[in-house]
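Look at the two complexes coming up: chain A is in both, with chain B in one and chain C in the other.
Up next is the complex of A and B:
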């Protein structure tokens, strides 16, 4: 047990040093890299390691008679989490999300320190000591709080009410609801039921399973499956159309959406927001192929009212591409990212 | 002897009256339905060859047109008469208050039925009396609330008639064959409730008690049918069926009622009402606990709060899964409706909803940890609570992470795109399913700890049982999280199906671990009694928080469900042409929901106060005070 706790304490201490280095800009945030494809679990794993590390640290300090009071443990853990989110995770997390996490963390820390009477007494003891002011130090602290707290609250209120020249926040609807049908080049497509005419097997039959089996593998590197190289001239059906879609993509789309389809093309940073990142699981992976067809065909200008504030400069591609070309380019996007279009069974 | 026979006769007659009341609407409605068919047939005969047929917008079947088309309304005093105020807000308020009270009076009799049944089957006579008293306390509260529900229902109908006459006229014309059934069911519900309540003392023992219990079953059947009928109206408004494209009724009332979303709505509302009812009663008990002057009262209301909370949470646990089914059906019915709800215009409201769900589970866990404080022997679990807190916090943070983040353009630029590469992954369904299942499984674990708090298992296989339980929970967490991660690597239709094994895992923990725990604790050594009343005040605030979160969430979900129709009264059939056919801002909606919640709680406090007046008038009974135990129940009502 002691060995485990010592190990935990070591992990906790090292972790704290590392985070301290990141806060004071001595150590870059990406010293321990967040690995693409594993980042969300890595973040949870890291926080879990910190928690176990802190348990070990607490155990060791208690054994040495240097235990940290529960009050400071609670406050310290909350500050740690806030610092972790601000300085460890990159790119920076928007304030609104950090505020949400901070509130949850505050509530859960409260739950922890007040889960039983003994802990709750320990936690509130320093507060009660200051309120009771039995010693000179506590009396001084009480007077300080009496002066500082109103000033602090006043300061926050003033700051909140003060007119600011910052750009206002935007509540952007990234995926507005599509219409039931859309008309492209004179033909009406019902979005719920339409299918890509090019998601076909070598025999020319619509085959979702066949196409799903031939997309690139997700994860690090995004590798092509064996015998599923679209640039093999012998290929027919799905893979042939993926190749044709790729050609269209690199002639028209990659300038903005990037050659890795991650929204970082040559012109991408001229726009804010930058173009959609298709490799993110929150974009095309969440949508039906027909949704993409509608968005590509109609572009930013064709966004519905719900798409406020219409922050998209994508051209209505129906003015430049044929229906077949649009379907093929979508086919390529799914193939390249390793995602499957949403379907309904 | 003669008196007993007389009582039996009275009870059987009362039960027969109830069954009669239950059947009355159906019997009365049969001729009208038949007449309706005859009238249709007659009408068809008169017109001869000019019988017009229409195609059902949902079922795609052909039927004879027997109704008028949905009116094409225009903004003006004819279709939208108004006061100098937003009519929609008035209707929203009337509707929400009616729903709150309706839910409460439908849920509480179900609780009464369960608690009364527990009282009847319990062998411990003192405990049986306590259950009986508790069930009576519950129904007493709901009686005043019932009158208020009827009053609010009247206000709602008048609001419809005066502010939205064209819409209400159309809706009542489509539902004409069942409108009076609904009204008569309400009469049957009232009659049954009053017989059930006032017959309590006369039927308190033996065979008569079973008759009384049967009455609660009849009462709840009527209540549930009433709710199903009311649900069919909102189901029709969201996903119309039984009418053609112009909204003309095609003569098949079952099609009109049985729309695409009716069944999931029914299930979701039953569970939601039960959880809400449990929350309200728990808050009532918490309020009484905090205001109690004696240890006996504190013990009684502590126990009452625990029972109400346990019942509420029992229905809260499957609620997210019922919600998931409803959303799945919404997507299947209309993709754009689903996207508007969860990915588009209303997505942020769903984040608020996730926040509220998290609060519900966090409050429940917190209450259980506090409740372990009144048991000697539960200290051994306290040191592990921090790990449960960690699991809950992680699950909660993932669950509330928005897909569309709120940020300034500068933050957007710094982030390098709309999606955050790390947190963006938490914003999609696969992660959220994992998050909520972790939360629920942890709640189950807290319950297991609570159940064994003051006990030490004496069975020979106790060690093996504990190891098995630990391994089962660990595997459950790994399975849930593993499936959530796996969800990113598979097609969406398979991913949606992954929720099934996740839910099964959670429910397996619930059922198997509860069963295993019960077996292990059979004949267990007690470290000490549960000291009812010796619980922290914080636990009672947790119960009040639970109830408030329920109320707020109900208001929120009602608003979301209603506003997903956007500018339609009846989706794709009857357009809303009033000046208020737009979606409110999130801030306005939140303020409106808060106002509704506040009004409900103020008015329900009045109901509680009325209930306490009746209690004061009750004849004083001899109460035997036993230190540290619950008060003895009164003998009659």
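Up next is the complex of A and C:
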């Protein structure tokens, strides 16, 4: 038990140091990297680790006779959560959302400190002590609070009332509802029934199973299967078209969507929001191939009304590519990310 | 020679003279054993294992082949639309190294240690300012070593990393060289040395890379340009740590192989190199307090604030940048990407940021736009199209693998058009149903048009109404009369343009055509920029995202009154709580 707790204490102390270091820029903020696509899980895991660490820490401190009163534990934990949300999570969460999380966390902390009568008393005790001011120290504290509180609250309200120019928050529909059909280069494609003409086996027959078996492997690096190199001259069918799609991708798309299809291309830094990250399980992995076909062909300018605010520089690719090239580039995107397109059923 | 200022106009000739007279002392800097100062002898690393090489091939053909090509000749399908070009591995020429000029870089497949493995660091951190991304977090450490094992043994064809006969390793001993503190004295000496060592000949008088922008070629004959010292986040060797002076020291000491940038190890002492590095580092853009700009870890560029604040000024807005109001006005970094939505697309975008400041008074608002452009471009003669024409005939070149007819071959050989900049704001932005903004490029349609004010290097300032990305502009002649160019100057690789426009009121301006600026409101603003020497014209240009112009309102009186009232209220509350508590206790004890 003791060993376990001291281990926890170590984790807690280290974690706190790390977070503190990141806040004050002593440690680079990417010391522990946020893994793309798994951020929510990673965050939950990290906070879980912290909570366990704090448990250990408080146990050890108690054992050493240096226990922190429940009052300060509660406040400390809440401050920690706010700091974590502000400095750890990237891209940053807007203040309004943080305020919501903060309120929830505050309620939770109150529930924790008031779980039973005894705890609640313990929690209240320091406040009562200061109010009663029985000792000299507490009397001093009481006068300090008397003076400081009005100044602080006045200061905060002054700050809040000072005119400021913060970026207005914009909500955005990520995947607008697709139309039933789309017309590209004079031909109408019904989204429910169309299929990629290049998802074919070496015999030239539409074969989703064959193509799924030849996409890159999931896991770190997302590398191609050892015997499925699209650059192999002997390829027929799917892999040959993947290579042709890749050539189109690297002449047209990587400038924004990036060499690794993660939305970090050469020009991406200039745009807001930054371009779609295909390696994120929330983008093309969630969508049908024909949906992508429609989005690629029509671009930002073809977004329906609910897709506002239309702040998209996605080209309507029908202006630059043929229908065949669009299908091939989509084929490549699924191959390179190792995802299957969703089917309609 | 201490009296030479780097900004004096005639220094180059003098510097040459100085160099001649001082070259006698150059031999002093050779340390023992013929090694340049700060260098030590190193050993060649052992050959990576066959398994590593084989595994690396798989990585290469998944990730790298698309730009670097099947044979590693830097001619993959993506190559021709990139500038700088992807590396040609065949000759074993690598830019960022700890080794002496001309030597192979450090690479050891078993030692992924920072400072001891140049190629590993390049793959890990990428080469900012080029299309090479950082692969950390995408490829595992092992995979990065594998792919490098493949590249160094199979794709480097003219040299061999393990050949003791032909290869040597003379390593910059950076770990043991302590950076010299960047004191004013050190920076001043650096500023003199960059003239003396002729850095300014290529990098320009202010270090904006404008010295010899058009005649430089790399080893393969492709045109390249000298670095702009004011954008350290674009330094290839910045290793995602752009304000670290050691990176500059390293590049300066070892040179950039394959480019005209030589190593200065033989003719500068370590001390002098730190002075130069300190000075170059001090030129990189900083905030008003002189601190490094915060870098966005997602993009490795400065963090962006999308609000451009405009402060109020009493009376005339000065056209002098050195005026106090301009010096105090907050500056915003506006990131620019190539316009690649509609033809002609601008894949090789040469203007990647603009610095914007703004001030307003009771009648007008002024934008001060500054951006780096290595060349001042003014079209010779009349342009073959009218200023309102949008769908102008500029050919988009198809990418090619070979030299003949490729985009790379015509780089720097474009017909010269005007440098230009434009500010686009929506008309009647208040009536746009939230959160809809007009279409980004030249407006949506007749219902949601945009107001475009465009300045060109020939001195013209025009106002247009845009109603769609492919619709010709409508010229607003009567509005142009109210516009003013307060400044339009190109100096040492940077444009300084100041544009004044009316705030807009219903009496003097047309509500249906001109944007009206209102205090305390977020007015969507887009910037476009053209580099005339890049063949930029029409839609071939650089674009920003949507920013907001925000005219800071004067502080209202209530801001000073209410907090005092609130604070007083808190005092009353405190008194109430304390008396209550005291009464209660009394009640209990009694």
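Here is the rule we use: the second predicted complex is superposed on the first by the 273 of 345 C-alpha atoms of A that agree within 3 Å, B and C clash if a C-alpha of one lies under 4 Å from a C-alpha of the other, contacts with A are read in each partner's own complex, and residues count from 1 in each chain.
Criterion: a contact is a pair of C-beta atoms (placed from the backbone, for glycine too) under 8 Å apart; a residue touches a chain by one contact, two chains touch by 3 or more.
The model shown is predicted, which means the values in this text are computed figures rather than measured ones.
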Is A:280 touching anything from chain B or chain C once the two structures are fitted on A? First, second, both or neither. first
Figure out whether A:48 sits in contact with chain B (first) or chain C (second), or with both, or with neither. first
Using the superposition on chain A described above, determine whether A:100 touches chain B (first), chain C (second), both, or neither. first
Classify the contacts of A:153 with the two partner chains as first (chain B alone), second (chain C alone), both, or neither. second
After lining up the shared chain so the two structures overlap, which partner does A:63 touch, if you call chain B first and chain C second: first, second, both or neither? neither
Looking at the overlay, does A:213 come into contact with chain B only (first), chain C only (second), both, or neither? neither
A:14 contacts which: chain B (first), chain C (second), both, neither? neither
Once chain A of both complexes is superposed, is A:91 in touch with chain B (first), chain C (second), both, or neither? both
First (chain B), second (chain C), both or neither: which does A:192 touch? first
In the superposed view, which residues of chain A touch chain B and also chain C? 36, 91, 166-168, 170-171, 264, 272, 274
Chain C touches which residues of chain A in the complex? 29-30, 33, 35-36, 90-91, 131-132, 145-146, 149-151, 153-155, 157-158, 161-163, 165-168, 170-171, 216, 220-224, 226, 229-231, 246-247, 249-252, 254-256, 258-260, 262, 264-272, 274, 299-301, 308-316, 319-320, 336
Counting only contacts in the complex, chain A reaches chain B at residues 34, 36, 39-41, 43-44, 47-48, 51, 55, 89, 91-97, 100-101, 104-105, 107-108, 111-112, 114-120, 166-180, 191-192, 208, 212, 218-219, 263-264, 272-274, 276-277, 280-283, 285-286, 288, 291, 306, 340-345
Sort out for me which residues of chain B touch chain A in the complex. 331-332, 334-337, 339-340, 343-345, 347-348, 355, 358, 362, 365-366, 369-370, 372-373, 379, 382, 385-387, 389-390, 392-394, 396-398, 400-428, 430-431, 485, 488-493, 536, 538, 586
Residues of chain C defined as touching chain A within the complex: 58-59, 61-63, 65-67, 70, 76-78, 80-82, 130-133, 135-140, 143, 296-301, 304-307, 309, 335-343, 345, 347, 349, 352, 399, 435-437, 439-440, 469, 520, 522, 543-546, 548, 550, 552-553, 555-556, 558-560, 562-564, 566-568, 570-571, 574, 577-578, 581, 585
